[in-house]
Amino acid sequence: MPHVVVRMIEGRTEEQKRALVQRVTDAVSETANAPKENVTVYIEEMPKTNYAVAGKLASDK
Amino acid sequence: MPHVVVRMIEGRTEEQKRALVQRVTDAVSETANAPKENVTVYIEEMPKTNYAVAGKLASDK
Amino acid sequence: MPHVVVRMIEGRTEEQKRALVQRVTDAVSETANAPKENVTVYIEEMPKTNYAVAGKLASDK
Amino acid sequence: MPHVVVRMIEGRTEEQKRALVQRVTDAVSETANAPKENVTVYIEEMPKTNYAVAGKLASDK
Amino acid sequence: MPHVVVRMIEGRTEEQKRALVQRVTDAVSETANAPKENVTVYIEEMPKTNYAVAGKLASDK
Amino acid sequence: MPHVVVRMIEGRTEEQKRALVQRVTDAVSETANAPKENVTVYIEEMPKTNYAVAGKLASDK
């Protein structure tokens, strides 16, 4: 702990994910004063057909 | 914000999802007095093999 | 199931919450073809000091 | 209710999932004094490429 | 990991919570074959005014 | 979107929270190539009496 969940539309490369978890872990560890080895990050990818803003599916835009 | 997550067994059609996000966005916007463009809805689909009620997997029913 | 979570800034009245859970339950039940008695809705209220958009806390706006 | 979500790396067998939901339902029902038929369990499986501890993706270990 | 979240109406005693996290940790560890020290459990307590089944707030029952 | 949730034990100062949401927003925006104004961060604070590692409540440590 802390446990971080990042929800975003699917499609980022593994390289982007690698950079994201590293940067987010550093950000949380350094500001919340939590040891890095305790920080977990989960990237929850959402299909465009399952996510909507203002009532419109991302797949319909 | 508000951010809505709807967890349900996978298998609805895209048409059902389109109607669901529209109706849920209207419902939340109108009752919580939040601008529609700020409301997000995520449909999180669960495989039957991963969801249980009363200790029984949905795939075993 | 379906299980719905609505995350929003704290402060709505009980009357607004009553209307929200009713309208959201109807919306999900009718579009996802799920019996109303199976639909659950949880309103997760967020303090302004704990929610940020574009890197700014809501309490700082 | 209670609603339980178990997040773990993907890959368990259906047999393991069957045992997990049964044991977790019993554990929650008996300690929280909640009728078994009201307890739901959702196993949310995470790809190794999307989960990190200490800033390192599980797929890079 | 695994990370478990148990959502339930607020009001259990600390004794009940102590028993719940122990039993749930054992259940998940033994069925998912995960070391106990990696298992986390978070009890998310919901006010009755914020949780509804079939469109009715628990506080209205 | 992306929507970030950071779950941690309650008790950080408002200053720490301000720094955390800023750094996490930058980290996600720059690595996932998402406009900053679309990134939301929610800090979900957990009481020590409700969070356990290896079956032990944080409040019992």
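Residue numbering begins at 1 within each chain, and the chains themselves are lettered A, B, C, D, E and F in the order written.
Here is the rule we use: a contact is a pair of C-beta atoms (placed from the backbone, for glycine too) under 8 Å apart; a residue touches a chain by one contact, two chains touch by 3 or more.
Since we're looking at a predicted model, the values are computed, not measured.
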Neighbouring chains shared between chain C and chain F, ordered by label: B, E
Centre distance in Å when chain A and chain D are each reduced to the mean of their C-alpha atoms: 20
Mean-CA-position distance for chain F and chain B (Å): 24
Where chain A touches two or more other chains at once, by residue number: 1, 3, 7, 26, 40, 46, 51, 53
Chain contact topology (line, ring, star, complete or other): other
Set of all touching chain pairs, with the criterion as stated earlier: A-B, A-D, A-E, A-F, B-C, B-D, B-F, C-D, C-E, C-F, D-E, E-F
Complex interface listing, chain E residues touching chain F: 14, 17-18, 21-22, 25-26, 36-45
Chain F partner contacts - residues on chain C that touch it in the complex: 7, 46, 49-57, 59-60
Chain E residues within the chain A interface of the complex: 1, 3, 40
Partner chain B, residues of chain C touching it in the complex: 1-9, 12, 16, 19-20, 23-24, 26-28, 30-34, 46, 51, 53
